[in-house]
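Structure in structure tokens, see below.
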Amino acid sequence: MLAPINISLDSLNVITLAPMLIPVVGALLILMIDVIKGGLHKSLYVVLSLLFLSMDFFFLLDASEMFTQNGTVLGMFDVMLVDGLAILSQFIIVMASMLFIPLALTHKRFHEFTYPEFFALFLFMISGFQFMVATDNLILIFVGLETASLSLYTLIAMHNRDKSFEAAVKYFTMGALAAGFFSFGAMVFYALTGSVEIHKIALVLTANGYADIGYVLVGVAFMLAAFAFKLSLIPFHTWAPDVYEGSSASMAGYMSIVPKIAAFVVAMRFFEFLVHSGIVWLDIVLYAFVVITMTAANMWALVQTDVKRMLAYSSISHAGFVMAAILIGTTQSNSALFLYWVLFTFTNLGSFTMLWISRQKSLPEHQMSDHSYDKFAGMIKTAPVPALIMGLFMLSLAGIPPFALFWGKIYMISAAVTSGYTILALIMALNSAIAGYYYLKLIVYMFMKEPVVGNDGHVYVSNATLALKTIIGIAAVGTIFAFVAINPLLEFITAFVYNSGY
Amino acid sequence: MEKYLYIALFAPLVSSLFSALFTATPKKLFTGIIASVLIFTSFVASTILLLHILKGGEPIHVTLMTWMATGDLYIPFGFVVDQISVTMMMVVTLVSTIVHIYSIGYMDHDKGFNRFFAWLSAFVFSMMILVMSDNYAGLFIGWEGVGLCSWGLIGFWYHKEIATWASNEAFIMNRIADLGMLIGIFLVYWNTGTLQYDEAFALMPSLDSATLTWIGIFLFIGAMGKSAQFPLHTWLADAMEGPTPVSALIHAATMVTAGVYLVVRSNELYSLIPNVGLFIASLGAFVALFAASMALVNRDMKRIIAYSTLSQLGYMFAAAGLGAYWVALFHLMAHAFFKALLFLGAGNVMHAMHDELDPFKMGGLKKVMKWTWIMMTIASLALAGIFPFAGFFSKDTILEAAFAEHHFVIYGVLLFTAGLTAFYSFRLVALIFHGEERYKIFGIHPHEAYRFMLIAMSPLLILAMIAGVFQEPFFAMVEEILSAHEYHIHSHTTLWIMLVGTQLFVALAILYAYKKYATWSSVPDGTSPIENSFFYKLLFNQYYIPYFYETYIVKPYREASELFWTKVDLKIVDATVDGIAGIVYGTGEKTRQMQSGNLSTMLKWMVAGLVGLLFLAVAFGLAARYSDEIIVFLSALGV
Amino acid sequence: MLDHILSLLIFFPALAALFGFMIQKESMRAYGISVAAIEFALSLWLWFAFDGNVAGMQFMENLPLVPSFGINYILGVDGISLFIIILAAFFTMIGIASLTDTPNVKNMIITLLFLQMTMVGVFAALDAIIFYIFWELSLVPMLYIIGAWGGPLRIYASIKFFLYTFAGSLVMLVGMLFMAYFYYQATGVWSFAILDWYRLILPESLQLWLFAAFFIGFAIKVPMFPFHTWLPYAHGQAPTIGSVILAAILLKMGTYAFIRFSLPMFPDAAAFFMVPIAIIAIIMIVYTAMVAYAQKDVKQVVAYSSISHMGVIILGTFALNVEGISGSIFLMIAHGVVSGALFLLVGVIYDRRHTKMMSEFGGLAHVMPRYATIFGVMLMASVGMPLTINFVGEFLSLLGFYQQSHILTLLAGTAIIVGAIYMLAAYKKMFFGEVTKEENKNLKDVNKREWVALLPLAVITIWLGIYPNPVLAPIDNSVKSVVQLMHNKATTELAKDRIPNLVKPKVVIIEKTIIEEVH
Amino acid sequence: MFEAIAFYLFAFLTIVMFFITVTTSQALYALSALAAGMIFISAFFFILGADFLGAVQIIVYTGAVMALYAFGMMFFDSTREVKEKQGNKYIIVGLSTLAAILVVVIFSAPMVSDKIVALYPAIDGVGNTQEVGLVLFTKYLVPFEVAAIMLLVAMVAGIVLAGKKMDLSITLMSDSEIEEQKNKKVLS
Amino acid sequence: MEIGLNHYLVLSTILFAIGLVGVMRRKNLLLLFFATEILLNAVNIAFAAISHYYGDLTGQMFAFFVIAIAASEVAVGLGLLIVWYKRHSSIDLDALTTMKG
């Protein structure tokens, strides 16, 4: 017979759950409000979401304070793991979400924002990601991932046009396959170690000296495939361009940041000990992933005719670039990953928002797609300020100093250099040059071509409201004045990463 | 005395700048006059300096300011007036004063009158820097400066294609030689640590002879260009496209002798390396003969005189090379007088004949141009070296020197050339001034030049006649700094036989020329047997050297340039860069098919990726598991 | 005030550019000229306040930027950079003053002012990352200038310009990161400060690799053969002002960087690579001169001539002695003045005829005598006539290199021949002969605005040709310290041999006095 | 022995069923085969002593999921034969066979590691369901709750996506059209 | 003949491979979803087996959550299919190719 189990509430550390629960409460509240009184304006939900996210943010601040004082905190039967990585990534997730949610306040009306469920799902998704990063239990990672993913599929589809359905279906189907990979991989590691917690897996494997190397590699192969899908590494990237194109620009921008940082953190947790285990195979494979993803994605981005699709490939390429951090696996590289991603958040947020405010409902004849390059021809003449801002984001993405992404790039390349990955550093550098071309292409269109007849520049801000402009302003300021923030940011991140043992 | 130095130096600059102010305006007579006055001032100052030196005064050495100073290098604008430079200054200022005055008349109707004086005075200034500088770098300023002015003056009539071509040719050919000069300067600097003449020469005896030889050779290459020595001689004949006063000043009296000046100036160097000296002398003798031979058949009045100049430069180099620096300098001076006179006379003729240059189309001009005739005849006599004219003293001394140094081949060549010189000079005089008035066929009405032009020429006439008397004082003056010893043939009999023999030989050549050409009556049309003979053609075409240069240097250069641009630069270098970009882009374009948009394909890619990873994993896993067996197997294979 | 004059110099134009958005279109030119003039005056003040006898850095500023990664905002000038900064200010002023009827003149001027910020920044920066920031940032305004106001192939040209340089400098960036890492290994502190790096003595094998990495970045910028092909396109397509600034200042960044980075940081590698680089320089000199000779477009002639002259600068730099390096720095300034002037001159005729093909001209000396004169002056400066600014630099560069290799200098010296060939040929084609084209018969001569731009350049050309000392002396002082540093740092025999020791043993001096006493 | 027979029998059956599921062209067959396969899998669970899991398998899959799919099939009208254009079969067969072989090669080898310590060992004499409950509501409480959220998300998503409001797309309509539709009260 | 853990793992792998065949082969989205169910079920067998052989319940937990996830996926997937079907009267994935390149 089972004896009753007594567990003190204190030992649970329920506070570790707080940041994740807040969005859930928010989501439920929004659903409740809708039940009580339907047909309310979207601004209400936006502000509510913002409020809950800010609360979330404050709890994160608390958690970070806790971390600086007490180090890593475990909670809820050691399922919850609040360490530096978790806090940093949650900061990024929440911050990015706060910056993206106001994008719902567009001038034009879009289908998804008429649903309160949109905001509820959005908050659920955030909590899903938060769970995913704040644990090292593969089960919770899996469940969190699926919660977030299922919400995300729905959010994409709710844009309600053919392309978004197509995108959602593709994303969903491939996601289901990736889920299969993940579970199979988890199964292999469970078989190997009898545990589904990453630190225990690491412990057991190290203890027996990776005796079953074949099993380990099969497991790693499946895991890698699953993460590669989420991180859009080639050849698991094929969903990314279509999904970015199919979803609204705001959602695409969101997707390029938040799901990936969550996946990166999990990948970091999972691969850190493997990278340091001296398995040559993993080094080679990760190296190949990094190089191929960076290079091939850049090449495909070159030949795109649509800016959003180009940015999709560019995001793939950036992900490949950042993947190098996992490969290198030093404190510097892991800090570089977070630094890069914070800066990338601002820049990519800005560029996708710029696309978002120029969103048209119907396309003029000369324009092939929502954001084809032609649309931006001669923008400097008809809408100089948006053109300048867009140019700024492009330059930042290309890694032109002193704009935000440059700092991430040098720190990342420096991490490669420091660890002796000279060739990798060169490949990373040269890929930036290739990437320069397609960012430049947009600049060329904006600054050096003549505008199409009848284009008075209104189209570029047709979807703009004060909220969107503010977001762009924040992004632009963040991009330009990044150099001021680099030092505190770097110190903060490095301390957190280092104290988490990565 | 420094005051006079500066006056002599800067008066031409002022003149040039003043005239330059009016270059874009129509003709202003006063520019010519003021320029002439200023140059004359310079002449006066030079004379005062000459007198100072003659009186045995110390050479004047001034440093105006620093030009370049970096590292150990220190180059000032320093000027020195010593025996050598004052001689040159005299020659330069005198001839240029005369040419300036003469040009007022000669350029009378030219719309570039003001511009002409600007260039001409600039030339004088450059030449003064060249001769007065106390270091090689300063010399090089003048060296390039005269090259520049020569370019501007040869191409003065820039609307004429051939003139501009000739000016560019002159400039570029000089540049080739200048490179040698520059290298010579570098050698001097890196071996002695200075470019000042006195300091450098003081250190030179301590250098090894190979270095000195190289310095000598490279400096002489510089001299070869300026003095148009073979094989860089072709530009001088082509330079005759410029206005005739220019030819008189630059291409006869001053600039072309700069090379001689350089060798004379560097006498302390060259006396350390007699081998190079011998080479210079041999080349000089060769050029003397070579140029004279070309002058024999030429049908262009100015070119004949130009070849004659070339030939005389050969004499000077022969003298300098043999160590007879003062002789070379003296011949330089004497030559300047009578050759300038000859050119100015030719200018008168040209003016009269409406720029006709073929002497065969003239004839009998002595009736209308009596003074010109006299002047040119005397100049030619001086050139031929007939006693008691200037040429006799200078040229004969060269012959004596060659003889006394026991270089009999050189002596023989020079002697023979003296005969040729006499022949072509009087061929020219005879054709122009004697015989039938063939110009009438072409309907030309010749007239004598302006009186003031003739008067301006008269000092030259006088000097051409009497310059010989300066030989002794000149020797006395320069012997201090030039390793000067008089060349006396010890046996008086030999001396007299030589003197008289030479005179006779030359006189016979003159007579032959007169006999053959004084009664010439027709214009040759290229049909006579002599004109079709091999030697005539060879000489007339200047040994086919210009043709050779054009075919084997200029054309290949042009073609290679074209090739480098269209094939190498665009098709290889640039195409490689574009090719790399193209490959990157093309790979993107080709492989984007991977993104077919079909979900089924996407899923297949995912599975394929997984299988690829698994394959690697299994391969690696098996390899790790059976590593012992694999190593056994491999070692069995002998790996 | 003087403590922050460099920051002021850098950011004043940028600030002015930002404010420039508020200026009304018609007043923009006046605004631009006044800003540029103030900037120029500031740069002159810098010169005035500069102590020419000090070899080291002056007006240093140091502000921590990312101290945890060793990135600091460090500025400073020495004799090497001072004059290029002044030149940059000067050319921006001249450039804006000579702007002809440009569409979107407001954008142009704002862009130029931003460009000026980056130019001054590059030469004043003493931190590698700050240097890199300005270095890269300078591409952007130039890209816009070429791409927006250029000729028919402008987009191709601008992208080529940008990507080529960008790719090269990224390799350089990797080199910088390595350098910082080595510094970190040696001292335990991250630092990107150039002066810190100077203190680092690296083993030769590392030097070679790092030198190569920096070399690619610099060589493309210079541009050195075979990385030069972007330049003719960029020049060919750029508007006059773009070409002027590109040739006068931007190209100098590469050669300046060689002296600032490659030489003092990697003396052994510099000595090791001296001969190969000299050979490249000779190829640049001769080959590009020949290509220039084959050009039909006068602007291309000047463009290729730039490459040829840059070859001489490179040669002088790698002479590794005071004469050569001072000469190459002086030649940078000289070439800036002369090629800038030549591009302005080409712009003059382009404004009138809207073509740059030499076959369209001919006999221009008849109709535009003043133009022909000033072109002639610049032409002669370009071919290195003594008493013009170019000669001083060329002479010293070649003189310096002669110490290292006789035969290579002889080959490089052909610069003065081949240079004369293409320049004179071009001049002949444009200015000599009869006026054959009807359109050319009534061309207006140089007007006032053009005089304003050209005359100062001509004056500088002659003035510094005759009296280079005010510029040469400060350069000389700084170069001496660089050369001494290199000599002290050199570890290999080869480098010790090739880089002269300036601190002479006293014995020599004693000997000298003895000689004098004997006299 | 019994275990072996059962294993091979059910292994054979599941493989056949799932094979039919992925190869048949009759959607109905596929659905039936899938359902059967699921039930056979629950048999494995029972063999392996995971009674609770077996029960859940039958309830969730054969009950809920299959019902959903059946409903979907009727909705999509794909009860009849489905025609599928096939691309290159070799790729499909090749890739999956390769995947299977590769993994099998590894898995057929026994694991070396035998020092596995059970973290949540099964307790003797306690029913499986109880054990599961114990672990689920202690250690896996948080995942359980998150799974609840996930199901909520799935529910909301299903409702939203299949709901009538999706029929008209505001995204594609201009403002005036939206107003028009609003007046018609089609949209709330 | 003892049935060991390896037997179950191999069976799981074979079933997973069958699932992969289905995923790649099916063009009808509904039937494709069937194949994804197979994938997850294949893994579940392995989890249960490992759990059994190690005497550890974690495997069962994982399998339990996998079932939950599978169920949620069905809901969302069907939702998506319904929307798509309403528009296009087809759930053939070959029709989903408006975006490519």
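By written order: A, B, C, D and E. Residues from 1 in each chain.
Note that in this section a contact is a pair of C-beta atoms (placed from the backbone, for glycine too) under 8 Å apart; a residue touches a chain by one contact, two chains touch by 3 or more.
Predicted model only: the values in this text are computed from it and were never measured.
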Check every other chain and keep only those touching both subunit C and subunit D; list them. A, B
Quick note, more Cb pairs in contact for B-E or A-D? It is A-D
If you average the CA coordinates per chain, which chain's centre is most distant from that of subunit D? B
By C-alpha centroids, what is the most central chain here? C
Separation of the C-alpha centres, subunit C versus subunit E, in whole Å, is 66
Averaged-CA centre spacing for the pair subunit C and subunit B, given as whole angstrom: 34
Note: subunit E sits from subunit D at a C-alpha centroid distance in Å of 5
Cα centroid separation, subunit A vs subunit E, in Å, comes to 26
What positions in subunit A touch 2 or more of the other chains? 139, 143, 146, 150, 153-154, 157, 169-170, 173, 177, 191, 194-195, 214-215, 217-218, 241-242, 303, 437
I need the residues of subunit B touching at least two other chains; which ones are they? 581, 592, 595, 597, 599-601, 603-604, 607-608, 610, 614, 617-618, 621-622, 625
In subunit C, what residues contact two or more other chains? 163
Who touches whom among the chains? A-B, A-C, A-D, A-E, B-C, B-D, B-E, D-E
In the complex formed with subunit B, which residues of subunit C make contact? 160, 163-164, 225-226, 228-230, 287, 290-291, 293-295, 321-323, 326-327, 363, 365-366, 369-370, 373, 380, 383, 385-387, 391-392, 395-396, 398-400, 402-403, 406, 409-410, 413-414, 416-417, 420-421, 424-425, 428, 431-434, 445, 466-469, 472-473, 475-476, 479-480
Of subunit E, residues touching subunit A in the complex: 5, 9, 12, 16, 19, 23, 29, 32-33, 36, 39-40, 42-43, 46-47, 50, 54, 56, 58-59, 61-62, 65-66, 68-69, 72-73, 76-77, 79-81, 83-84, 87, 93, 96, 98-101
In the complex, subunit E residues that touch subunit B: 20, 23-24, 27, 93-94, 96-101
The answer for subunit B against subunit A in the complex is residues 581, 584-585, 587-589, 591-592, 594-595, 597, 599, 601-603, 605-610, 613-614, 616-618, 620-622, 624-625
Residues of subunit A that touch subunit E when the two form their complex: 138-139, 142-143, 146, 150, 153-154, 157, 162-163, 165-170, 172-173, 176-177, 179-180, 183-184, 186-187, 190-191, 194-196, 241-242, 245-246, 303-304, 309
